[in-house]
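The structure's right below; bear with me while I get my questions together.
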Amino acid sequence: MRNFRKLATAVAAALALAPAAALAQDAAPVKIGIVTFLSGPAASPFGVPARNAAEVVTELLNAGKAPAPYATKGFGGAPIQTVIIDEAGSTTTQVTEYRNLVQRHNVDVVIGYVSSGNCLAIAPVAEELKKLTNFFDCGTARIFEDGSYKYVFRTSPTQTMDSVGAALYVHDAKPKLKSIAGLNQNYAWGQDSWGDFEASMKQLVPKVEVKTSQMPKLFAGQYNAEISTLLGAKADVIHSSFYDGDLEALLLQAAPRGLFKKSTGILSAGETVIHKLAAQIPDGTVIGARGPFGPYAPNNELNRWFSKEFRDRYQVPPTYPSYQMAQAILGVKAAWEKAQAANGGKRPSNEQVAAALEHLSFEGPGGTVKMANGKGHQSIMETAYGMSKVVGGKLTLTNIKRYPAEKVNPPDGVKGADWIASGFKK
Amino acid sequence: MDQIPAVIVDGIFYAAWLFVAAVGMTLIYGVMKIVNLTHGSFYALGAYAAASLTGAWLAKGYPPMLSYGVLLGSAVLVSVIVAPLIERGILRFMYAKDEVVIMLITYALFLILEDTIKLIWGVDPYFIAEPYGLLGSFDVGDLSYPTYNLILVGIALAAGIGLTLLLRGTRIGKLLLTVIHDPEVSRAMGINVDRFYLVTFTFGSMLAAIGGAFTAPTVSVVPGLGVEIIVLSFAVVVIGGLGSLPGAALGAVIVGLVRSATIHYAPEVELFVIYFVMALVLAFRPRGLFSLAEPRKI
Amino acid sequence: MAVVLDARDLNKHFGAITAAMNINAAIEQDSVVGLIGTNGAGKTTFINMITGYIKPDTGSIVYQGRDITALSPREITRAGICRSFQIPQLYSSLSVFEHMMMGLGVVLRNAGLGGYFSRGRPNVPGHDAPAEEVAERILKRFGLSGYRDKNAQVLPGGVRKLLDIALTMVAKPTILLLDEPTSGVSAEEKFGIMDMVMSAVKAEGATVLFVEHDMEVVSRFAQRVIAFYDGRIIADAPPEIALTDPEVKRFVVGGALHRLDEQQAAPHA
Amino acid sequence: MNRDRTLPILGAVMLVVVLAGPLLPQWALFLVTIAIAKGLVALGLMLLLRAGLVSFGQALYYCIGAYTAGSVGRFFNVGDMLVQMIAGAAVAALVAFILGFLLARYRGIFFGLLSLALSMILYGLLVKSEALGSTDGFNVLPSTVLGIRPSEAWVRYVVAAVGCGVALLATALVYRYLRTPLGQLAPAIKDNEIRVEYMGTSVRNAIHAMYVIAAALSGIGGALAATTVGHIDPDMAYWTTSGEFIFITILAGTGSVVAPFLGAAIFGIIHTVAFDLSPNTWQMSLGTALLLLIVFLPDGLWSLFTRRKAA
């Protein structure tokens, strides 16, 4: 019993200490909970670039070193303080940690979540706890198609946009194509990406032949057999929503076998690897960045500021997860300050910030973000695709085509799948 | 049916990879009766060591053809350093515990090693693409395959045949079989059981590291690399019969061929076909395909 | 006396090894039968066939007029044939008393008592007392009361042997098969153990078959001796006749000289 | 160990939770409820562990319980916690009853690995079923109790209290089971199966019964987790989830029916503290903590309560 009491005391002390350690700073800072992958295979492509972006952006905001309209220090003058949590583990873990963030660390806003499953799980909890929560990366369209929320927002576009944009681009670039094939990870993101792409292609090219749809396991790592099948299928175009680790393995294994030389590859999340694997990506491969990010970002002051600061600090250019994180923070800042102004300069409540963010249109390093869908909670943006061309060992993008937000996103209140099925009309 | 050659070639390549990755697990279980989850850590360690050392080798402009030696060397190096540390430092104090408890200890060690790897190498991916393309390609029908894949087949054969010869044909092998049969009696007979355990653990881990090292050129080396390989190795080793070398080989070939056939003919079920095979084999051969008969008890 | 167990033409081969050949034996109610023979002669195989652990290739075993050849060990136990083991089969994590309670629990359960919803302390069938009382009574009869709360793992060899046998008594067996009840026990203890076992068994009233290597023990306790050699029965007679049979003398009694290696094997459970 | 006081102590603890609940912060109530849900699974694993069986696939029933609870809401629009838990237990028990005919033949590592394979097959099937949301899973209806929907301020408390009540009932039933002859067979089966058969009872049936009970407990746990978290996904059947349950069970020890709940609570706290103090290296903290616990408390956390008596 005595041993146990000791243990209990230690545990209680540790629990009490943890939030206290993060507390000691000047008065009334805005606490932001940042949740993203810090361990596991999703850390390197998404989690860590996003965390880095969060760190650089919040620091610069606190120092008042951001260009207009974000030049005010912190959030409306109040310094920003971050609590960073790993997104790894089950959704049960994530809901637990979310509750800890909100109720034990008393954060004011939560920005985070790469995994669509986590986003779906967190959304109702955010409503229950009445805590402003902005999903920065996850792609599933189901969040706002299936539910309606007051406190939950997503400043990044959905995966529907990526797939529709990819189909439009392929159709524009290769009007004579006759067959397509797919290579997507066997989980919701991969299945939805392929589903929307296939449906869109069937609208654009009614007679298109689907040669094969390969769905290897997530993080399988070995793709010889899939590559053989795709080589045998001889489709005009191969669509893949693979990302980082898996995408890199795929490109490394596909390059010596000439897969993407024989069929045009369209890599809807390919942007995160172009700096690392230029030699393995044959010219003419279609590269997406899940929106107007990275190489597709507009040449405006915000983008110049963000990419320079990020590059100076981390020696690599920011990829789309970094853009999405920056955009998510800036969006909340814009709404916060708008609400503060409406509140007579006093610190706004979560409800006021949420109301201000609804239907807001703001600028980010990726251009204009319109909170147009999901009753004002889901952003739409323009998107862009281009083709790779290696010049002097560096991968550049040519034939870049931009598609306005309304052309690649369904109207508010219409489900993506229905919209595609109606021939992009409804 | 023109896909059949491709199914077989793809299946063999996958089987070779699986065998190299998994055979160490069956070896360690066979000798020490430990279900070793740090197997995944050694796979990852091998990949990381190979990626960084071979990367440095190539960056210095040394002959790329020798990079295969560097791959092997880095796997040997990292396992010779880390495996004895774990076996001598922690595991040997645990042998008296229950099989499951030892497994949990290796799970705890696996968690610790995951973060250790992250602390050493960070989260950014490592690539060493060069060795994969260096040897050119060969054709099967109208499909071309990088010759590199044959190296893995070679390593798998060497490991399988080498281990078999070692166990069957040498004095050390015979002593090892004695240790496997009854460690207590062996100890009483003056056999240095501790040393056998140390060597077995190191060697088994080394095989995992070699698997990781030779996989490194074909993938991006990222955190979490070693997780999947644990269950995959489990499946292979269990299908074959825990502790059986020919079993592991047969298990790898079965899983490789089934998986490859699935990808070619029914890609949608690839996700769980391995577990399905495992459940099926266990349902009919409760102790795997190559299992020793249970001794009579009364 | 009535025949309670009848083995008819039992044959069993393991590959090239003959474990039983044309075994015929009718065992009479309340008799005490000694089974003798060298190691591998077929004594334990005979016991294993009676208790269903090994199925004969041909032949049948009839118990109280019922063919039990195809039954499993547990069904045969339930029918009233219990056995002890050459190497005591105990539960290393349980105490002596818990062993008895475990066994009595099974007896209660097989009688439809002691289920999830039953309350109180029902009498154990055949013993007419609640389980705790029966347990104490049996332990006392086997002289084990002093070890009541000791863990089975720490018991000395002779006590393990006794507990192994005592455990068979919980089910009130009709036939009791004792596989080398005195092996692994020092020469001085042998008679003591057999005396205790026999008196306990007599009190409960059971037919006994026991495997034994010590011919003195056999001649003192058995009313009838069945001698095995190479899977066959070479003699079946009262001890004074059987033990003087020249074949038995040559193949069995002489074999007693080799008992050393057997005792070595015994401690390995 | 004084077995007779187990139930009163458990009841008292539950009473304290129920009475002190309104004073606890919501995050703590949530932690408690999740610990109860996982503790129920661990309790089932403990039953199997007593007989020497370790299931590496108990997440199968946890996941079945959770998906049953979720489906009851999704397809029949029933959000009642009690209905969900009963349905979860029933479906899990039914599946276990069928699979038990196969699994009861297995022992040791093979029992564990076959369980693992079965749970991974369920995982694969769920990932492939887009009607159930594939890997993203789906949200569970907000919890109601006997048709009443608690207000948001009270919902955590009500869920925790109902969870406590159900867990107490289940634990009491298990406690009683452990004192029946069937329940007491478990250690005997672990020690010596042959002798158990020669005592006249079927090891296979006893294991089958244990397996079904363990599955039902896991099913309740899964349903409780589903309604507490509000979301379910196939990861609930993944092998890492099973690994966590085994860890909790071993951590707790098999000394008492209360131990698994204690183990689950401690595991949750270690996990949360590790997440807080070292977000980048929490795996290392968790691994180290667990290693130390195994080394210094080889008989599980429960031995803290019994050590004094043993000494």
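All chains are identified by letter, namely A, B, C and D, in their written order; residue positions are counted from 1 within each chain.
As a working rule, a residue touches a chain if its C-beta (ideal position, glycine included) is under 8 Å from a C-beta of that chain, and two chains touch if they have at least 3 such contacts.
Nothing here was measured: the structure is a model prediction, and the numbers come from that model.
Chemist: Based on the averaged CA atom positions, which chain is farthest from subunit D?
Modeler: C
Chemist: So which chain ends up in the middle if you average the CA atoms?
Modeler: Closest to the centre of all protein C-alpha atoms: chain D.
Chemist: Using the average of all C-alpha atoms in each chain as its centre, how far is it in Å between subunit A and subunit D?
Modeler: Centres of subunit A and subunit D (C-alpha means) sit 35 Å apart.
Chemist: Need the CA-centroid distance for the pair subunit A / subunit C, whole Å please.
Modeler: Here subunit A and subunit C have centroids separated by 74 Å.
Chemist: How far is the middle of subunit C from the middle of subunit D, if each middle is the mean of its Cα atoms, in Å?
Modeler: Each chain's C-alpha centroid was found; their separation is 43 Å.
Chemist: Mind pulling the residue numbers of subunit B that touch at least two other chains?
Modeler: In subunit B, residues 114-115, 118, 227, 268, 271, 298 touch at least two other chains, as defined above.
Chemist: At least two other chains touched by the same residue of subunit A: list those residues.
Modeler: 38-39, 186 - these are the residues of subunit A that touch more than one other chain.
Chemist: Find every residue in subunit C that makes contact with two or more other chains and list them.
Modeler: If we look for residues of subunit C contacting two or more partner chains, we find 85, 89.
Chemist: Which bits of subunit D are touching subunit B when the two form their complex?
Modeler: Checking each residue of subunit D against subunit B gives 54, 102, 105-106, 108-110, 113-114, 116-118, 120-121, 123-125, 127-128, 194, 239-240, 243, 246-247, 250, 280-284, 286-288, 290-291, 294-295, 298.
Chemist: Quick one: which bits of subunit B touch subunit D in the complex? Just the residue numbers, please.
Modeler: 35, 90, 93, 97, 99-101, 104-105, 107-112, 114-116, 118-119, 227, 231, 234-235, 238, 242, 268-269, 271-272, 275-276, 278-279, 282-283, 286-288, 297-298
Chemist: Along subunit A, where are the residues that touch subunit D in the complex?
Modeler: 1-4, 7, 11, 14-15, 18-19, 21, 38-39, 84-86, 90-93, 95-97, 99-100, 102-104, 116-117, 120-121, 123-125, 128-129, 140, 142, 147, 186-189, 191, 218
Chemist: What part of subunit B is in contact with subunit A in the complex they form?
Modeler: My answer: residues 2-3, 6-7, 9-11, 13-14, 17, 114-115, 118, 123-125, 127, 129, 132-133, 137, 142-146, 148-149, 215, 217-220, 222-225, 227-228, 259-260, 263-264, 267-268, 270-271.
Chemist: Please give the residue numbers of subunit A that touch subunit B in the complex, ascending.
Modeler: That would be residues 38-41, 43-44, 47-48, 186, 212-217, 219-222, 224-226, 228-229, 231-232, 244-245, 248-249, 252-253, 255-258, 276-277, 279-280 of subunit A.
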